[in-house]
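After this come two complexes, each holding subunit A, first together with subunit B and then together with subunit C.
Moving on, here comes the complex of A and B:
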């Protein structure tokens, strides 16, 4: 169209110095989009330092050379988590395929039992084992043995209670989603969701014990307590009762209020002691033991 | 319309470079950057007075070009396509930061008669009419007409409500019509 019109050198110099009148600027801008020659002239005349362009190029090259973040970190970043946090959270072994796979296997087993067995009693293994998974997951999330970069991470400015808790929350959300999916597959109505409050309460209890004695022992203590409590109750109760009935009773009806109360108490204690979730603290404990 | 769709010799055209970038050629991106950074900086500086923001925006723009080069459909000028990215990156960067002085343009400059004639070749009487517009109206004309932004994008760039963009555009149109007839 306007192939005969070209911007004069004077116009381009004034334009690149942001020092020209509005109609000239409009003309030049409309023209530059279509004229390689005038773009080249502008680059030559604009008096910008080549080092400056080089510096910005280095920044660009830096960004595009960076490898893509791992899938999980990418998801977390898309959810609005800042990049360093997403990377450190996803680096947890608890997010590794092995741990997630193990959980799927266990939950899948319990689900299969519930589907194959008859009646709501078949659901008992699921109810019994569901609260154990997050309790173990806390160790995997938090224990230095499961983080190959634990010492480096603990020295980084990001390490601290917040990172420890972020990892734990990430692990718990994966486990809880898997359990939830499992209970949906079982599908015995509302009874299949009775694991939620007990599981949260046990997870909360695990966190409280973590702040006292460290991750490894905490999980062990909680899991042992969980199993022995049920068996003790079973022994103390009349011998004619069945274990499944006992477990089912423990999850049903008004008992849910007890579990809800326990959740609140544990939540409050965790909140008060939140500063104790230090990766460095955990490292120290391991070093001393 | 594209003049450079047939490359002469070893020199690759913008379209060829962009296709190469889409295939992951970093050297092509570098060449594209060298060709376009100067005018992009100049044009961004007409819209944002803060040089750091302009630099950040230029960087974001070429990272975006790297990522989305394969989505270029081959119609229209590559330069215009890149500018479309750049102006939207500028909106993004400005939204993250406290508002900068946008459209910091010195309007008191005396324009030589020669330049008036030259720009007259491109726009005719429009030059005078544009100069007669208030800076607020001109900013809206620039964002919507020249940069091809939607009403909503323009409102974000200028930091004014979308309704205001529309009314200012209407007023600008009336004033231009009045000045041209």
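Moving on, here comes the complex of A and C:
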């Protein structure tokens, strides 16, 4: 089909360099669809700069060849997380379906107990056990046994505090979100959220102990300490009373200020000792190198 | 320029001494580590890869001290490492895994990173297997994925723990071609294949019981067996070692009997002579 108007060489060069404005680009594209002569001119002009054609082809090839990101990484990218961090986070074992599924099972059990139980103390087991999950999660996030490529990871420049803490934050985010959802299902108003500060404090304490003795031992020590401290307090202070009352007292009212203070202290210590989160150090702590 | 300096390095695991007062330095070129299993090769390579630390002694890598946290990061930016047992995210494809390691190596620009991933996978002959899942790959292919990730970013210091284990003959030759094309870089590799040492290395270090027992060129290692290798029609029971070769002759290593015609020794003859004499020394009764 003949057309009276044709795009000049200069216009076509600007078009191929993406230097013309949008309305001009649309006009040229509409014209190119009808005019074989101008298409030929464009091809000739583009062909006179092979490096440009090569660059375009490389970009197209990369888009065609590159794998789709895993579902989780894709979701994180849509939430605004940069692509490299989304891929690293998604590769963390702490984000695996097995670990998330186990947490859902445990939290679901605690929620069911609270829903089925009667009275205000029905929620106490949830409060008591909530801080234990993140403490265990730190092992899954950070222990080299849960990273199949731990040795390759350990000698990478990212293997310091950045990667270690990213993985730990990833696992804590999932765990805290599940606990939060669980507490909303249970109901009982704001009381059901009193686990948050103690849980953060215990998670912080776990991280501090990780920098001293390694992830596996740290989680074990913190969980044992958590349980034995409560039972020791029970034996010392209220052997005649009910254990649930002691736990409730420990979580409610002014005690929350104490937990907030503990969170701040633990956060500060973790920051000071951040260099001790290097994966190579963890390999050595665990006797794996 | 010296890129690796190891001075009096010692590493213990409980009562076991994996590295015992090891001292050497390396410049650009390919150095092979030889030694029997448990000699300390892997521990030494882990130390050089900044994955393990020494209990005593000093290490300098690319002009920096790996005991310092920031220096360690700087070293790792210029380092490639293939562990003896790399470990993979088996559900990843080859491309995804190498891409993952590239991110760990701070390659954040997606296009440039993907180009580099394709380059190293093509270099190890996996251009057509990029989308294959690692769990479906053979041991040799996984080894090549491991080598590919070590090559990311053309590191100045390349540390390879038994890189040719599991590779077929063609791939071993390709690997040699790939490695010898890297001029001006420092490569340290451990192997049990003495022909790899002969083909690739300008220098060879023999470790035994955590100690450096030999440090020299491959011809110098072979020369340790000079005059101690001979062929005969029948097996000589006094020889240190004897085996029948493809032409039906019996090749001997040891002190040749009178009249035996010595043949030129190979690297493995020198290595066996060294290891044999050291074993003989260590098992000799004290006077």
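By our rule, the second predicted complex is superposed on the first by the 239 of 289 C-alpha atoms of A that agree within 3 Å, B and C clash if a C-alpha of one lies under 4 Å from a C-alpha of the other, contacts with A are read in each partner's own complex, and residues count from 1 in each chain.
By our rule, a contact is a pair of C-beta atoms (placed from the backbone, for glycine too) under 8 Å apart; a residue touches a chain by one contact, two chains touch by 3 or more.
The structure presented is a predicted model; accordingly, all values stated were derived computationally and were not measured.
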Give one of first, second, both or neither to describe whether A:84 is in contact with subunit B, with subunit C, with both, or with none.
-> second
In the superposed arrangement, which partner chain does A:66 touch: subunit B (first), subunit C (second), both, or neither?
-> second
Is A:163 touching the first partner subunit B, the second partner subunit C, both, or neither of them?
-> second
Identify the partner contact of A:275: answer first if only subunit B is touched, second if only subunit C is, both if each is, neither if none is.
-> second
Both subunit B and subunit C touch subunit A at residues 59
In the complex formed with subunit B, which residues of subunit A make contact?
-> 2, 5, 8, 10-11, 14-16, 18-27, 29-34, 36, 39-40, 42-43, 46, 48, 53, 56-57, 59-61, 63-64
Complex contact set, residues of subunit C against subunit A = 13, 46, 49-53, 69, 72-73, 76-77, 79, 81, 83, 85-90, 93, 95-97, 99-101, 103-106, 108, 110-111, 114-115, 118, 130-131, 146, 149
Can you check the complex and tell me which residues of subunit B touch subunit A?
-> 3-4, 14, 26, 29-30, 33-39, 41-43, 45-46, 55, 58-59, 62-63, 66, 77, 79-80, 83, 104-107, 109, 111, 115, 118-119, 121-123, 126-128, 130-131, 133, 138, 142, 146
Any idea which subunit A residues touch subunit C in the complex?
-> 58-59, 62, 65-67, 82-84, 87-88, 91, 147-160, 163, 275, 278, 280, 283-284, 287, 289
